[in-house]
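The next part holds the structures, each set out as structure tokens.
In the two assemblies presented below, chain A is common to both, partnered first by chain B and then by chain C.
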Partner chain A sequence: MSTIRHRSAAAFWLAVPAGTWMLAAVVVPTLLIVWVSFWGGRAFSASSPLTFDNYARFFANAAYLRLIGQTFLQAATLMLICGTLGYCIAYFLVCKVRDARWRTALFLAFIIPFWTSTLIRAIAWVPFLGTNGVINQALMATGLTERPIEVFLYSMTGVTMAQVSLYTMLAAGPVVYMLASIPPALREAAMTLKAAPVTVFRRIVFPLTLPGVVIGQVLVFLNVMADFATVATIGGNKFALLGNLVLNFYEGSQLRFAAVAAVLLMGCMLAGVVLALRVVDIRRLGAR
Partner chain B sequence: MPEGPMIAQLDLELRGVRKRYGSFLAVDGVSLKVEKGQFVCLLGPSGCGKTTTLRCVAGLEEPDEGDILIGGRQVTGDPPWKRDIAMMFQDFALFPHMSVAKQVGFGLEMLKKPRAEIGKRVAEVLAAFEIAHLAERRPAQLSGGQKQRVALARAMITEPRILLLDEPIGALDYALREAVMLELKALQQRTGISFIWVTHDQNEAFSLGDHVVVMNHARIEQQGPPEDLLSRPRTAFVAGFIQGNNVLRGKAGAAEAGVLPVETADGRFHVPIIGAAPAPGSEVSFSVRAERIEEGENDLPNRIAARCTTVEYFGAFRRHVLSSGSGVTLKWDQFGALPPRLRAGTETTLGWRTEDSVLHA
Partner chain C sequence: MHWKTRSRLTGWILGTVTVGFLLYQWLPIFVLGLLSFSGPTGGTTFPMNGVSLHWYRELWDASIMNDFKPPVLRSFLLALACSATTVVLSVTAAQAVRGQFRGHNLFFYLLLLGIMAPGILVGFGFALMMRLLGVDPSWDTTAYITHVSWTLPFGFLTMLAVFNRFDPKLEEAALTLGASRVTAFRRITLPIVLPGVIGAGLFGFSLSYDEYPRSLFTTGADLTLPLAVMAQLDRQLTPELYAIGTTTTLFSFLAIGVFTFAFWTLRRRVQPR
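Then we have the complex of A and B:
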């Protein structure tokens, strides 16, 4: 419950700078993109008639539909891998590392790489994954393989490997927070009520961290859906997801199609978030 | 005495339990026997090891040394879920995501009872604890007293041999505590389940416990029925910790006819000897209960001059806090219905019979 009973007019003025910025930089451009996606005719001008033709032509192309499916599949794959790895990492950090200093040190080691930009981290994977890259050299040096494995770079496998490294923390972070907020007495109470550790996890710990899991899944989902840089650099322009399609249309000066792809991408992301919020009410987080 | 049949009578036995956290000794050689259906209170200041002892019994802590037997069976090393106990936690530790009914049925679910039986038992227990109307609520929607009942119902439904209670009413409003204490005592007597109740509140311990264990610095200072602890505190710590005792310290003189003269800064006092007499010249302490003291002119053998500093009126009695010539704080309790005799600032003399003083070990 909020303790602020009365909001003065001055309080609303405080929101004006941020509100103006959001309006000018996010809301208006988004509406413009939606508007452009409905432009008919041949001329790129504000006087174009509004039609559904662009969407009709987009959906008539099976390759584009397949691409939407692949984008969702890629997001689902990453949600599964990052969700599992992230939960394990979070559980280890919160429940298994007893020493507070060690926990801080490990947590820092875990998040420091994320201080650099996503693009740089994606590109940094290239010398690792290449046929002459670090991973292949290591594999050959240990004798596990005789010839370099080519599927790492310029393949969806490589893209997935890079994305797992990029987005696992997004899945782990909210779980760390939720796990840390469970009072130890709850597990102990369950144990004295004859629940063995696996049951304690299944019935007490996991349900209580579920909001963190869902938030992590939303973050991974949104990032994978919007990720064009990793796909472009690691995939070597041989692969494309919905985000890359926007860029391709844009670079080909097909601005109306770029707008259509962008609107669909936004629509997919919005649908995913709405679905997640139906599972967990984020607003109730921390209210416990 | 043959040990076999004795043990069968015991719900719990601790033999020399020792628990260390790094260099800190939390429990130092605690031995304790709890008879069937006994109400035992572990009493002591915070950090004295009473909660750690309780957690060792629950299996939540592993003792470094010593044995724990529940119902005569060795359980040292067994995890909590394999012990015939239930526990009530200080802040109740209710599961925030479960309804009251689900919560109370949890223990039976873990025991793999059939669903129909769980439903029936939960309904019975909720009715018995007068919380049936709360069945569908979540813990966040309950008051402190309601949470306490839910936690108790959740622990009692499995009918454990021993119920462990860690400051179970400490989180309740003061006004509610007395009623809850009476209810819990009645419940314990009705069910015959042994209660082990950890508290730092001596009123709780003495009014509830059949057997009170006073702990300090990881060790048991004294254990026994409340009357014993109140009338015969064995150490200066116990005497000082239990309200209403006057503790005096001095040098032992030469014992004569079972009475030890003790030389203090406030004069010489006579204390009956229990067991061997302390060596003359050694430091000793003894105590006298505040209600055993008489005020004013009299011919009692032990007398001390003091000045009244505070008078507290409790209804049943009036407590006078006084300061002796050497600065020792003294207490004198007077029956509350009598007219007041002292005010702050009054100079007087206190006295007591020799047999009313207790020599400490």
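Then we have the complex of A and C:
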């Protein structure tokens, strides 16, 4: 018995407002993009003929294909860096910090920036990366280089550096959760049976945190694939990933091409999510 | 090497990585704050050429072109509206899922889609839809709808996690004692899950306040704060931008503080130990 009856009409009607909202604001617009990507003709109207021309013309351009490859490469790079860093951080926070107060303080230090503007945090990297930026000033002051290095601002290196700072916590968070839910008895049992610490980690701890790792990787993947703002801020319009392409076409009023790029972006992201959902069941998280 | 020494060594290495990343994450924010106080001749990086409030004064007496006050007000009002909507809709949605109505699995994935779907797609698609319908985009109509579609799933997942840990025996006790379902929900369930509700509200506020991609496509001529910041960055990078960045970051901290305070007070009231 609970305050809501199983399979009751009340339960259904309570779900209707949120469901309608999501349908109208997410599902219908997304389907609309797919539809518009097949539009022929020139006018923006629902009576446009449907064709594959937009796709054919898009794929005929090798530069766009390369751009899709670059987007995946960027996502893979970030998944590798954020995943490794995130796992180290999560493991340290949960398994190595014994004092509960310290742990809370460190958690807060990591989580608080998540609540501030991502855009501002991306912009905060600009004074670091320029030719006269903080990094170059520090490098020259310590005598590591004599002339400023021009690889940071307006380069993908700079974009990657900023994205690592933005997204590592997404990879660490789910792992922290999974690590914290491993009963200490499991580890003790393995230790009692004379397993070396490395073996305990490889055979017990890591497999149990795998769902957290996968979810973290999905979050990083989705965010990097869709992140055009950091690329625009730090890359300075010299670089574009798939997301920037959608925006550039949109601003150039080439709505059909924008739709094609958006559909491809959607396809790539969907493939990633479906792959991950086959591995873990997100609904089980939070249950005890 | 003894395994205890090795374990301690691992601890030190991981600790260094953790603290190093913490610095990496926070340093830009601090430098942004520091540079916002540079002198009137200060540039966008070091040296600061003196310490002053010059750029904050510039911010305050801004011309129409780069006046951040109206965008701040718009973003604030929009965030409040999103917060309120998120709270109401996420509580009803999570309660509905507890009722396991037919199709609740599909409903769950529908809401999850709001998190998974990138802002650029939602914004672009919604802009297309409004264009087809002939509706002019505006921060308080179209942007509001897209923002809630982003904040609602976070609130919903928060409430779902809270309800997962909720002890149904408490409700059963109230119902056995003759309370109606509505009364039991209002008097027993809601006060207990209230900290989660506050969390949903915080998600609603801060995600909407900082939202950029969805706003970009659905806001129209009157810009919200992130759009105004980005427009200013495209025009010219001055320490004034650092000043607005510092101000809004401090404002975010303040918002977190207020919500956290509310959270703790409520928790203490529910569990008086």
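The rule we apply is simple: the second predicted complex is superposed on the first by the 276 of 288 C-alpha atoms of A that agree within 3 Å, B and C clash if a C-alpha of one lies under 4 Å from a C-alpha of the other, contacts with A are read in each partner's own complex, and residues count from 1 in each chain.
To be clear about the criterion, contacts are C-beta pairs under 8 Å (C-beta built on N, C-alpha and C of every residue); 3 or more make two chains touch, one makes a residue touch a chain.
Computed from a prediction, not measured in an experiment: that's the story for all the values here.
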Fit or clash - chain C, chain B, common chain A: fit
Which of chain B and chain C A:252 touches, first, second, both or neither: neither
Chain B versus chain C as contact partner of A:193, first or second or both or neither: first
First, second, both or neither for A:183, with chain B first and chain C second: first
Partner chain in contact with A:106 - chain B first, chain C second, else both or neither: second
Partner chain in contact with A:204 - chain B first, chain C second, else both or neither: first
Chain B versus chain C as contact partner of A:233, first or second or both or neither: second
Partner chain(s) touched by A:267 [first = chain B, second = chain C, both, neither]: neither
Comparison of chain B and chain C by chain A residues contacted: C
Minimum Cα separation, chain C to chain B, after superposition on A (Å): 7
Where chain A meets both chain C and chain B, residue numbers: 196, 288
For the chain A and chain B complex, residues of the former touching the latter: 183, 185-186, 188-196, 199, 203-204, 207-208, 288
Residues of chain C that touch chain A when the two form their complex: 3, 6-7, 10-11, 14-15, 17-18, 21-22, 24-29, 31-32, 35, 43-46, 89-90, 92-93, 95-102, 104, 107-108, 110-114, 116-122, 124-129, 131-132, 145-146, 148-149, 152-153, 156-157, 160-161, 164-165, 168, 171-172, 175-176, 181-182, 184-185, 188-189, 202, 206, 209-210, 212-213, 216-217, 226, 229-230, 233, 237, 241-242, 245, 248-249, 252-253, 255-256
Of chain A, residues touching chain C in the complex: 1-8, 10-15, 17-19, 21-33, 36, 44, 46, 85, 88-89, 91-93, 96, 106, 109-110, 112-113, 115-121, 123-128, 130, 132-134, 137, 164-165, 168-169, 196-197, 222, 225-226, 228-229, 233, 243, 246-247, 250, 255, 258-259, 262, 265-266, 269, 273, 282-283, 285-288
Residues of chain B touching chain A in the complex: 58-60, 79-81, 83, 85-87, 89-91, 93-97, 106-107, 110-111, 140, 154-155, 158, 164
